[in-house]
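Labels for the chains are A, B, C and D, by order of writing; each one numbers its residues from 1.
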Amino acid sequence: MKACSRIDKARCNCAVVGVSGTTEASRLAYLALYAQQHRGQESSGIAASDGRHLSRHVGRGLVADVFSDQAVFATLSGHLAIGHNRYSTTGASHLVNAQPLVANFREGQFAISHNGNLTTSGGLRRKLEEEGSLFQTTTDTEVLLHLIARSREQGLVARIQDALRQIEGAYSLVMMCNDRIFAARDPHGVRPLCLGRKDESWFVVSETCALDLLRAEIVRDVEPGELVEIHDGKIESHRFAPPSPRHACIFEFVYFSRPDSRIFNENVDRVRRRLGKNLALESPVDADIVISVPDSSNTAAVGYARRTGIKFELGLIRNHYVGRTFIHPQQDMRDFNVRIKFNPVKGVLQDRRVVVIEDSIVRGTTLRQLVSLIRQAGAREVHVRVSSPPIISPCYYGMDFPSTNELIAAHKSVTEIRDYLKCDSLAYLSLEGLLKSVVHDQDGFCAACFTGNYPIPVEDDYSKQVHESL
Amino acid sequence: MKACSRIDKARCNCAVVGVSGTTEASRLAYLALYAQQHRGQESSGIAASDGRHLSRHVGRGLVADVFSDQAVFATLSGHLAIGHNRYSTTGASHLVNAQPLVANFREGQFAISHNGNLTTSGGLRRKLEEEGSLFQTTTDTEVLLHLIARSREQGLVARIQDALRQIEGAYSLVMMCNDRIFAARDPHGVRPLCLGRKDESWFVVSETCALDLLRAEIVRDVEPGELVEIHDGKIESHRFAPPSPRHACIFEFVYFSRPDSRIFNENVDRVRRRLGKNLALESPVDADIVISVPDSSNTAAVGYARRTGIKFELGLIRNHYVGRTFIHPQQDMRDFNVRIKFNPVKGVLQDRRVVVIEDSIVRGTTLRQLVSLIRQAGAREVHVRVSSPPIISPCYYGMDFPSTNELIAAHKSVTEIRDYLKCDSLAYLSLEGLLKSVVHDQDGFCAACFTGNYPIPVEDDYSKQVHESL
Amino acid sequence: MKACSRIDKARCNCAVVGVSGTTEASRLAYLALYAQQHRGQESSGIAASDGRHLSRHVGRGLVADVFSDQAVFATLSGHLAIGHNRYSTTGASHLVNAQPLVANFREGQFAISHNGNLTTSGGLRRKLEEEGSLFQTTTDTEVLLHLIARSREQGLVARIQDALRQIEGAYSLVMMCNDRIFAARDPHGVRPLCLGRKDESWFVVSETCALDLLRAEIVRDVEPGELVEIHDGKIESHRFAPPSPRHACIFEFVYFSRPDSRIFNENVDRVRRRLGKNLALESPVDADIVISVPDSSNTAAVGYARRTGIKFELGLIRNHYVGRTFIHPQQDMRDFNVRIKFNPVKGVLQDRRVVVIEDSIVRGTTLRQLVSLIRQAGAREVHVRVSSPPIISPCYYGMDFPSTNELIAAHKSVTEIRDYLKCDSLAYLSLEGLLKSVVHDQDGFCAACFTGNYPIPVEDDYSKQVHESL
Amino acid sequence: MKACSRIDKARCNCAVVGVSGTTEASRLAYLALYAQQHRGQESSGIAASDGRHLSRHVGRGLVADVFSDQAVFATLSGHLAIGHNRYSTTGASHLVNAQPLVANFREGQFAISHNGNLTTSGGLRRKLEEEGSLFQTTTDTEVLLHLIARSREQGLVARIQDALRQIEGAYSLVMMCNDRIFAARDPHGVRPLCLGRKDESWFVVSETCALDLLRAEIVRDVEPGELVEIHDGKIESHRFAPPSPRHACIFEFVYFSRPDSRIFNENVDRVRRRLGKNLALESPVDADIVISVPDSSNTAAVGYARRTGIKFELGLIRNHYVGRTFIHPQQDMRDFNVRIKFNPVKGVLQDRRVVVIEDSIVRGTTLRQLVSLIRQAGAREVHVRVSSPPIISPCYYGMDFPSTNELIAAHKSVTEIRDYLKCDSLAYLSLEGLLKSVVHDQDGFCAACFTGNYPIPVEDDYSKQVHESL
């Protein structure tokens, strides 16, 4: 447990889901979480309502593990459900912080799943505590619960609107009271949130790949500044903030979202291929083969290979069985952490001049080991091409980057990074090349991690906390 | 999860403990809970503080099971600890309700263990919820946390006093903030709470048998209406209510406390022997042997045998391995529930006229089966003698009795009960005989379960809830 | 895993059960094991057969824990079942050794539960291994399985008889092939084994208290040297050895069996009361109260009190929640191991001259602590009376005594033991007094632990192993 | 438990490992099993020896789960270790059958890990049972243990050779006695088995990808008919059978082995790419894109795309989080089983003529659903190309194919299969094309699943069992 007033800003980009209008609500929420597992593997949870009572089940680990027991779904009965996958690499991940959070209001019970980060929650929390509010968790999400509970407005919609107007940050929210579901997205539209439908059922998901699994159709995004109320098979749109310039997270395209999803009205796969193509245009190289760091760089690598005409090959095999509790050997084994995940295919790499496509470089430690592995497998030359610009600033809106002093590009020039990686050449995609890869609304993105320009205010102690704690 | 504003009054008489001034605080709290296991087997928990941070571990089941892993104590470090054993027979026993409860105040963290029942908490909770307080549990204890958090008084002691003045009911509390421990007892002194000491360490326990195990000495009871602050090896006494007539629970002597404890300044064992002797004086019988329903009636049975001169025998063997998860046979087995717990000793009972001493009769179902078992074992006559008066009213102050319509003595005369039990004769101890068994302060007791006279106000919906839900 | 040819003679007196002729066979076996839990708490297991297939479930811990999941019984289907409770205090208690053992013969599957010790199994095992037999466990029981499998006789009954003739030792066996159950008892009749019946169902149990729980009636003991075959609702008696002098274990009466059981045609309770009375006749003392070390000495204490006329009191309260995984305090707490189990009742002991009845003294360490506890509680004098003679020799037939050099009476005189215990006086029951307490067949007992005269041959390396390993 | 004499031929192609000459033997065995996880996910186990004692740990599930607790390795101490991953899709997968199997011989303990199937073990087992051997498992591997135990030869090597000469089938074995490790491969060399080395340590693995992770170098294959003894840092080669024509399993190249492994002296990746190229030569098609069914068909798809010049695209995203305990929705969801694993990328497939490369077709049910999914995603045409010939016969040597009547190609023509799959065209690689893809020793392969010609004798009841039970 952390000391009072401290908010454990997990910088977590997570997955949220809401399901309404089906007797299998909790099972479908489970499937939607499963399809969005890549957005959070630390803990998972579902809250369900049968119109009168809320029930909840949360646990650590993968969705399939947390809900491995059929019997859980009998306790999560009802036609409404919301869920959450939590992504966190911080050690202090207490189950008490697992979402959905549930609390008792005077009108009844209320549950909330939150993706993003509230950037002024520390001050709000201090103020609430001074007024006698009790906090159970160290999440910023709980601040929102208190603001809704304390609002003087009449009616739940008005109280939620009132609360949302008091907070700043990046958030995509799915909420549930005993008889309905709400979805809301911050006025900047930083994180994705999409409405789907199948027959009488409505769905809210972070990524559309979850709708695909449920065989539901995409209806539309929840708009920035919009609060959607889902009740009795109908949706009603409320606004809590006027239209403001969109600042969707460009890094969702670069790395975080699944290529088969459609977010911010773009197919991720298509954007990602264009990243590879634009990278090829900007930084071609004379080489024999193009390989990808699987799986997140596959699409960009195919794009790069296509545009340059160099052969695409499968040069690294990824072991998908790596789990959390992996036991390491006691003796020091060089490159072990990367070898346990990737094995080079010698027959492919031997005597070749290799272009390695990587989606982004954070610290550079893994990539350095990979370059070494590829060389040991016999590659004659190793050229690294990165399908995004250098990351020079931390993210305050949910992406789990380390603090500035651990970001390699914040301190080293491209030449220095090339020397560190020990590759023969290194090139990043330019910011222009990045933005050009998006078809619509190229101005509507937050690229703060590449530029240092933060579109949403951040309170001092939060930015300080990010810098120190990481 | 229950609906809003509903308080799950578990009618739980529980065990509490506080430990201060030893680096082994959480381990000693564990031992004290273990010694008080008879006061609650449903769940168990400990919160500890090292002066700066609080940590907590709770779980379902027996103390030894909840804390079976040594490693838990490494996380419960510090020189302060409080603990709780929860007694509950209600199905809706969610782990979220497990104590100690912990919350974040503006001054820091705060933990609380509560034995008893707050009898006006429903109205308080509704009021707090209307003012925007969020509730996480359905316990009445959480109301108290909110009252402390919201108090306008200066300083933690004043705020606790302020909060305690707003509540009614029976309660023995142990509380902990980051650097000290508090103990408080309701102005009526319904439940026991005792201070102990060993070297530099202070202890607060429900029953002194816990002090015996810790080799600590009894210092004194926490007084009714007193708030004790334990800090830096010293205790400081505060009052939050003026002296009022004591109403200690007489049923603690009849059944609940361990015979080797000293509560309300009396040895339980000695009172219980007198119950047997007074019963013998009031209701002797011509018989061959006296047997007890082990173990709670053993002492009274020895007293009865001594005074009547009839031989005391061990006529029933109790199986102590009965667990919660016991699997029953599928076929209907008559008397199974009592047979699994007790086996009659045929060699003792055959052809004898038997007096069975039982401490109290609630529903009468178990005793009826026991009488039948004793007859099947060959007893010629079975005379039941009860070492307390007929229970005619439910308890609102913590004892887990059923509602009035399940209390056999609320609806049947002694003759009718005798017929129901199918025993040859039946006699209860009189109320006078009961009170005479106590040496000091015979007026200072609550005997509402035997008389229907409730000394502490109870809000309507609570008494209604007790009557309905049970 | 132990080295080859080593047999882990657990010196385990255990509980066995067989159930035949009911669709609830495995559930009734479970209840019978539960009633015999006192005979073994280390592991528990059941094998069941539906006439064609055997299934098995074993686990560590108490019966109720091993079979806490209802679903287990669905896998243990069929009208036949045998079970086992294993008692072992040795550290090397591998689950692979848990019983019933199951193996595949050419005729089908075969399961066996064994109570006792084979005293010549080491040599047999070596011989079998030289002939190419594979051993899976380190139990002596597995030797018997191999002997049955390798017998050249025709038919399973003849092969079991053949195998039993090759072994020596103390054993009560329950065995099961796909369609029937067998029970056998060594020619000396060391351990109890009893047949029971209810309607069409037959039962085999170690102690009759299990029959009581099942509402079955006692039919008769399995005779020494008899092999009983239970099939199709009938029993058939075979002999594998001629009648020989019985050597039933007298220590079953002194301590091991439950007082409500009937073994060797005697009520345990009655014998135990006589032990107390004869002890009173031999060694009276001028004192105020008689107390027992609960629960095993209760009956003898009542007998002693009755005969001397001294008041019987409950001076020690036993905590029945002591589990295996109990966490100890780190600081050294004097007498902790005995205090965690027993708490003295000060009100009873203060200023009294106390007689403490104990059933037997093995090492003396616990009793020494108890005497100290009783003195601390204020007793003026403490007189120890033991309801059996001094234990001077280890048991090779199943009782878990330590080696000779740990048996206090093997090295010290009664006066020296009294000094060690720090009691005011000490007296043991004489061997004559012990044997006189039994009504029938006073010559038919093994009292080797009190006399050193072993009626059944023991191979050298076994007796050596007992002396060394313990 | 199965009935007597029944051998549960799991048709399991598994992973084995042996490690010698390092104090971290069990940890390195763990890593080697981890790298070979794709060869078996049902259970995993390791046995270790410190020269005097063997210890063992086995469990169900993935390697990382079975060995998630560091403490396990403390019990698996010693410089020798062998391990096993078990692949089984049959329901009757009892933990008792988990490998390595361990037994006690007269010389000491012996452990064995087995990959493959013994094709005459049923008769051998019946014979052994008639001679009185006890079986604990239903695996064919246990037969081998008994044959070694019963051999009349002198010395362990001679006894193993003697036993191996009595068995028929496909097997790659790693064995361990207290002080050394053995590796053996059947005279036909059906399954891979490779020797590796690093400094003083020797390794035996099924696939070389495990040596890569350990940073060990490939030394050579264990030869068909060879028994290798590893002791004191040296290897000694023994033969138990004369050289016979090799019949290595061609299906290891088609599907089972990892592409980064080298088996049978060929790089799997290189063979697999040639499969794609030869398929392109034999069955080109006019289309817009080539996609793979990830991940096993990726390499062949790249080969096919390269040779035809059609663009390679990532048209299906595979979800790697699918676990064993996945909870399905209750309502019938069409294509659910395939959708949970694969999601089509609409932006890639829409309006395209698609070639889908699949490595093999067994039942066809999954592929049929995939074709449907691809069409729903908007593909204009779907052409299936299979990089191996039609599977018409079951495998008796370890590959987990179903019985003949479930193999779609055993009953349907290519045209009929195309109609069943609902694809626009379908073509298989020819047998010649398959064999041509291997560079060396194209005659030395078993292709019985494609031809029905079985090079190793199979006893009647085994082939019958395969046909019936599946």
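Quick note on the criterion: a residue touches a chain if its C-beta (ideal position, glycine included) is under 8 Å from a C-beta of that chain, and two chains touch if they have at least 3 such contacts.
All figures in this text were calculated on a predicted structure; none of them were measured in a lab.
Which chains sit in contact with both members of the pair chain A and chain D?
none
Approximately how many whole Å separate the CA-defined centres of chain A and chain B?
Spacing between the chain centres: roughly 50 Å.
I'd like to verify one number: the distance from the centre of chain A to the centre of chain C, where each centre is the average of its C-alpha atoms, in whole angstrom.
62
What whole-Å value do you get for the distance between chain B and chain C if each is reduced to the mean of its CA atoms?
Using C-alpha averages as centres, the distance is 37 Å.
Hey, what residues on chain B touch two or more of the other chains?
In chain B, nothing touches at least two other chains.
Looking at the whole structure, which two-chain pairs count as touching?
A-B, A-D, B-C, C-D
For chain D, which residues are in contact with chain C within the complex?
1-5, 52-56, 102-109, 126, 129-136, 145-146, 149-151
Provide the residue numbers of chain C that touch chain B in the complex, in ascending order.
Those in contact with chain B are residues 24, 27-28, 30-31, 34-35, 37, 62-65, 67-68, 70, 73, 209, 212-213, 215, 258-260, 262, 267, 269-270, 298-299, 302, 306, 311-314, 317, 319-323, 325-327, 329-331, 333-334, 339-340, 343-348.
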